[in-house]
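First subunit A sits with subunit B, and in the next complex the same chain sits with subunit C.
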Partner chain A sequence: MSELRDEFLAEAQEIVESLSRDLLLLDQAQKDNLPSQELINEVFRAVHTLKGIAGMFGYGRLGEVAHALEDLLDDLRLGRKVLETELLDVLFEGVEVFQRLLAESPDVEVSEVDVLGFLEELTSVGASRPPVEDELSAYAIDTSVLAVLTEYEEHRLRTNVAKGVALYRLKVRFSLTTIDTQLEDLKARAKSIAEIITYLPSSSGGDGDAIDLDVLLASSATPATLEDVLGGEGATLERLSRGTSPATSVRSTEHHALVPPAPLPTPRPTSAPPAPPRAPSEPPVARREVTADQLSLRSVAHTVRVDIRKLDHLMNVVGELAIVRSAVMRLTEKLRGRPELRQLAIDLHRINRGFERHLEELQDGILDVRMVPLGQTFDRLARIVRQVAREHDKEVQLVVTGAETEIDKLIVEELSDPLMHLIRNAIDHGIELPKIRESAGKPGTGTLVLNAYQKGNHVVIEIEDDGAGINPQVLVETAIRRGLVTEDVAADMSRDEALQLIFLPGFSTRTKASDLSGRGVGMDVVKTNIGRLGGVIDVQSEVGAGTKLTITLPVTLAIISALLVRVGGREYALPITAVQEAIVFDPRRVRRVEGREVVTLRGETLTILRLDELFRTQSDARGGRRYLVVVAVGQKRMGLVVDGLEGQQDIVIKALGKSLSRVRGFSGATDLGDQRVALVLDAPGLLDEVHSSTERTLGEGRR
Partner chain B sequence: MDDVLRVLVVDDSSAMRAFVRASLETELGADVAEAKSGFEALRVLPREPWGLVVVDVNMPDINGLELVSFLRRSEVHRATPVILISTEASEVERRRGLELGADAFLAKPFDTVSLAATARRVLGETK
Partner chain C sequence: MSDLVKRQTMVPAKPGASETKSAPSLREVLAFSLADDTYGFPLARVREILKLPPITPVPRAPRFVLGIVSVRGVITTVVDLRRLMRVEERLPEKHARILLVDVGGEVVGALVDEVQQVHRLAEDEVELAQAVGGDLSDHVIGVGRPRSKREVEDAGRELIVLLDPEPLFARIERG
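== the complex of A and B ==
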């Protein structure tokens, strides 16, 4: 049963996401004064489906909300309510309510979500219009056609008739082999000029590989245009004329004819003549090489949904296999030392190489499955943009690029909150009110750009606004006032350093919790959360021109290539993506600058961190030789002093237990095989440690 | 005694297909195939004689009523038992469905037991 519930949750989530996308489109259409019936229908269908399945899987509250929204949408669809901004607000709120209800167990007695409050809100929204008159009886629609329409389709038919839109019947013959492509092709062609009400399969045609369909459609286009666009080989178009009694062709007791047989009722002089039917001919699409069976089997099992925990398990198995591989490698080395077993060693080595290759493929395959496009998250953000902009009476245009960029599913999950917060900030503090913008010579509508792209093993997400920008001088003054920096330090700060102040804990100027997230977190929390994902955040800003935040994240956290380093007799793993180079450490070149140890590497100053001192262990460097590992994430670099380099290995990172999760400097642990366990160094965290050391020492001095 | 009951469930909701499949597999030991649209059903139907077809009324493109109508007019599937399922107890859809020749009509929400009972009843009636 719990598996079925997962199945429900996955589908419900998908429906809610597509609902959210459609609402945004509808919002845009409403602003452009072009509300689309098709979109309203899509939205209605989504809510309708959700209602149906919610009841089946015990999500009563969700079902209730869906039901109420469905009624509202039905009124909208049938023209009994007008699409207004307030009504759209409620629909957007509905999406939030759905998401919150999906996040909690349906079995809790008291929901965290104010369902009753929302339902009440629903009843009061939207101006009403008088109901449309039922004119369907005036049409020559065979009652046996009505007999196969769902209530929903009948509504759509009635709405069109009431609006005076003409009805047509298109007869087509589809090949069972290529039905999907033919259907999509037909839909695409009809899209701009007609609304397809339904498809009625009439009979198997020809050699059993074809099916004849009656497509019932409504269109305001001229019959000639329709004929041009929809007609073609094997397709005939007929206009269903007004004013002919349906009784003439009723055969409802038999279920043979769905539509009256030819000849067509004679149209009245007022209506346009029906287009001349074309002679039916061969099925329009030639048969391809695939057989019907192959094709249908394929489409039944196109995609599967997988619990991410199953993938984690597989990844762990891959990790274990990597350990086995290393063990075999070591054995091979031992065999090599025995001359009489030399041939055996060579064979074993060859086999192990093959094993290694396939293991890599397996690993890449699993990683690939974990990847999801950022688009889903961006869609959710688009909703937030709209809402926040409305709250603050600002005009904001969102431009999204790189939505197809893929990142690990688990990272995406954790990314929503920080991104949401940054977006709120950008609109709240960044983009100015339209009047202020205009007086500054900018367009009244602000632009918020959300851009994502992959850069090596990292994904970069940029959030850029063309708002007021951040004045570093104001930041410095605030930081001094809050006792976060001294005036001396502030005086020496570069512009970039000053901008970084917004990430200091306690800097946030926010006094009241934000309406939306209800948390009112500061930028320091955003930074910590991104750091926890192995990422970093940078800020650039120009007063009057805008602000750009750049987030750099690893593509995945599941399995990484690591450089193993030795410090004080213990091994530590360092994500290879963060390692730029490793050189022999020369203590004579170390200088002290502002309380930090630095070396100059190819003309650049590099702060160093001695891990043996940090971990309070005794260096065990052999022969006194130690190494400097240059680590870089985003724009920041540092050098880590270690006792030894132990080679490179793929590792599966396991989370530290609860009691250790707050220890700084480590992001997890990993099994290296041979019962060796290594801690994984948190490169972004260590970089922070180094780059904030100025503030830290000052903080200590103040006490 | 008979061969395993072959069931085709036609529904655009994957959660619903999973529910019907699990119910009929557990309760009737049936062998269940799925189609996610009316069009897919049209393609899968001719492949073999089906013991039972379970169809959702509200599907995009070809709806469940149209599919029932099609089955009843077909030489091969005229006598195949059909259960229609719908989102709510819509009297119009129930009447239309039964008039078109569906053997039973189930309104959501329903549980495993009532689905299995309906299937047993429908199968008994047509044997």
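== the complex of A and C ==
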């Protein structure tokens, strides 16, 4: 049962996400005054499907909300209600309600979510639209056709007539065996120039193998164009004009007898099977969905949903295989030393290389499966932007680029909260009210840019606003007042250093916490969370011009390439993504600047950290030669002094036990084979330690 | 998303938690020696007994943490029980073993001098801490006195200090 429920949750979540995406598009369309019928249908379908599957999995409350929302959307679809901002608000709220309901067990007695309140809101929202005057009767459409039109089809027909769009009847003959593809093909061709209102099997024809269809179209294109695009063998096009008598007599009772046996009984809205989210190309209420079920089956066949833990397990197996491979490699080396076994060693080596290649492919394949586009997260953020902006009476335009950038699923999961917080901050503290903006000579609508791109083995996410910016002077004053820095230290802070103050625990410039950003989580939490993912965050800001936050994250956490370094006789792994270069360490070039050790590397000052001292071990450098590994994450750099470089290896990082959670400097450990375990150095953490201790010593050194 | 899934499927499984305190009549205890004394962990909490694998030390960890080992791919913290119990230190010898103890949420390795045997203690063979009196540490459940013939030779071994893993190992995290 719980597995089924997981499956349901995954699917429901997907539907809700696509629903949210479509609502945003609809919101934009409504602002541009171009409400799209297709989008409304899309939203309707999503809610409809959700209702269907919610019922099957015992999510009664969710089903109820979906049902009520479906009714509202149906009114919208049929033109009984007008799409306006208040109604959109309620729809967006619906997404929230869905998500909160999905987060709680369906079995709880009393839901945390105010379902009743929301349902009430639903019924009261939205202005009704007066019925359009009936002009249909003037057309040469058989009343029996009109009688079988769904309410939706009728609405579309009326809308087109009211707009003065010409109506056509297209007669086509399709073979029963290929009707699915032919119909889809016809729909595809018609899409750009005409709207297919309905299609009915025609009474006039069809033998055992073929069926004639009457397709009712509305189109503004010329008959000649229509003929070109839709015409063909066995197709005749006829324009329906006002006042002409019915051209054909269509009796609906016979049609149904002619419809080829559908694979499933035609779905009724109230008991729809759990159709996959984006499958049907027609509203589910359409009664002649001959092909929808087959289509949907086809579209789901290509994708499977996989629990990420299963991928973790596979990755572990690959890790174990890599260990086996290096063991074989070592044996091969041993064989090489024996002249009589040389040939054997060479063969074994070759085979092992092949094994290695395939193993790499396997690893890449698994990594690839774990990757998801950031767009999923960005969509969720777009909704937050809209909501927060509305609550604050601010005008915000969100510009998203690089939504296709891919990152490890696990990282994405952990990323939404920090990003959400940053977005709220940008709108709450960054972007000004329209009036203030205008008086400052800026456009009233603020722009929030969300930009993502891949840079080597990292993904960079930028959040940039054109708001008020951060005044470093104010930050410094606040920090002094809070006792976070001394005046002496503050006096010597550079602009950039001052901006970093926002990441200190207990820092908040707002005296009054807004209900949005002031939820007890500060930038320090954001920073910690991002650090936990092996990432860093940087801030740049210009007073009056805006603020830009840059997050740099590794693409994946599952398996990484690492540089093995030796310190005091022990091996440590350092993620290669953080390593810029490794050079021989020359102790004579070390200088002391204000209590810290630095070297100058190509004109730049680099703070160094002696790991043997930090780890309180005895250096075991051979012949006194040590190495300096230059580590950089984001904008920060440092040099780690190590006793030796032991080569590069792909490693699977494993978490340390909870009991060691307070030990700093390590992000985990890894199995190197032969029961050897190496600690993985936490590059962002060590950088942070070096830089924060630098600031402290800076303050002490100055006197 | 997967958060949701996780939330749904995570069945809180804490086998043996509080078993020792509510066990009706018999207490199963794994007895081991540390210096000259005998201690015991509730048997239900001991997952496995390991011979000494190579241990990777963890710099900057509390002193009683010996380091980490990989137990079938799971990184496990190993604690020197002598240091943790403030017993005089000594290098591990031939009979030294690591007991993998379930501390609720984490399995921790405890280095002991020697594993003795499993005792099934009846209720009247156990004196609970409050009955013993004095200020015993919170990680001592009580004292067991098995009526075993085999240990008659050494009077000092007749007493088993029964340990509660949770408060004992909580000290690692606190550092």
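The rule is short, and it goes like this: the second predicted complex is superposed on the first by the 489 of 703 C-alpha atoms of A that agree within 3 Å, B and C clash if a C-alpha of one lies under 4 Å from a C-alpha of the other, contacts with A are read in each partner's own complex, and residues count from 1 in each chain.
The rule we apply is simple: contacts are C-beta pairs under 8 Å (C-beta built on N, C-alpha and C of every residue); 3 or more make two chains touch, one makes a residue touch a chain.
Remember, predicted model here, so these are calculated numbers, not experimental data.
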Contacts of A:Phe92 with subunit B and subunit C, given as first, second, both or neither: neither
Which of subunit B and subunit C A:Arg570 touches, first, second, both or neither: second
Touching partner for A:Tyr168 - first (subunit B), second (subunit C), both, neither: neither
Which superposed partner A:Phe118 touches (first subunit B, second subunit C, both, neither): neither
Which superposed partner A:Gly665 touches (first subunit B, second subunit C, both, neither): second
Subunit B versus subunit C as contact partner of A:Phe503, first or second or both or neither: neither
Which of subunit B and subunit C A:Thr198 touches, first, second, both or neither: first
Residues on subunit A lying within both footprints (that of subunit B and that of subunit C): 10
List of subunit B residues in touch with subunit A within their complex: 12-16, 18-19, 22, 33-36, 38-40, 42-44, 46-47, 57-58, 60-70, 72-74, 87-88, 90, 92-93, 96, 99-101, 108-110
Contacting residues of subunit C [partner subunit A, same complex]: 1-5, 7-9, 53-54, 56-61, 65, 68-70, 73-77, 103, 105-108, 169, 172-173, 175
In the complex, subunit A residues that touch subunit C: 2, 5-6, 9-10, 13-14, 102-103, 105, 307-308, 316, 320, 409-410, 413, 570, 614-617, 654-666, 668-669, 671, 675-679
Touching residues (chain side subunit A, partner subunit B) in the complex: 3-4, 7-8, 10-12, 45, 48-49, 51-53, 55-57, 63, 147-154, 176, 179-180, 183, 198-204, 208, 211, 255-256, 258, 292-293, 295-296, 299-300, 305
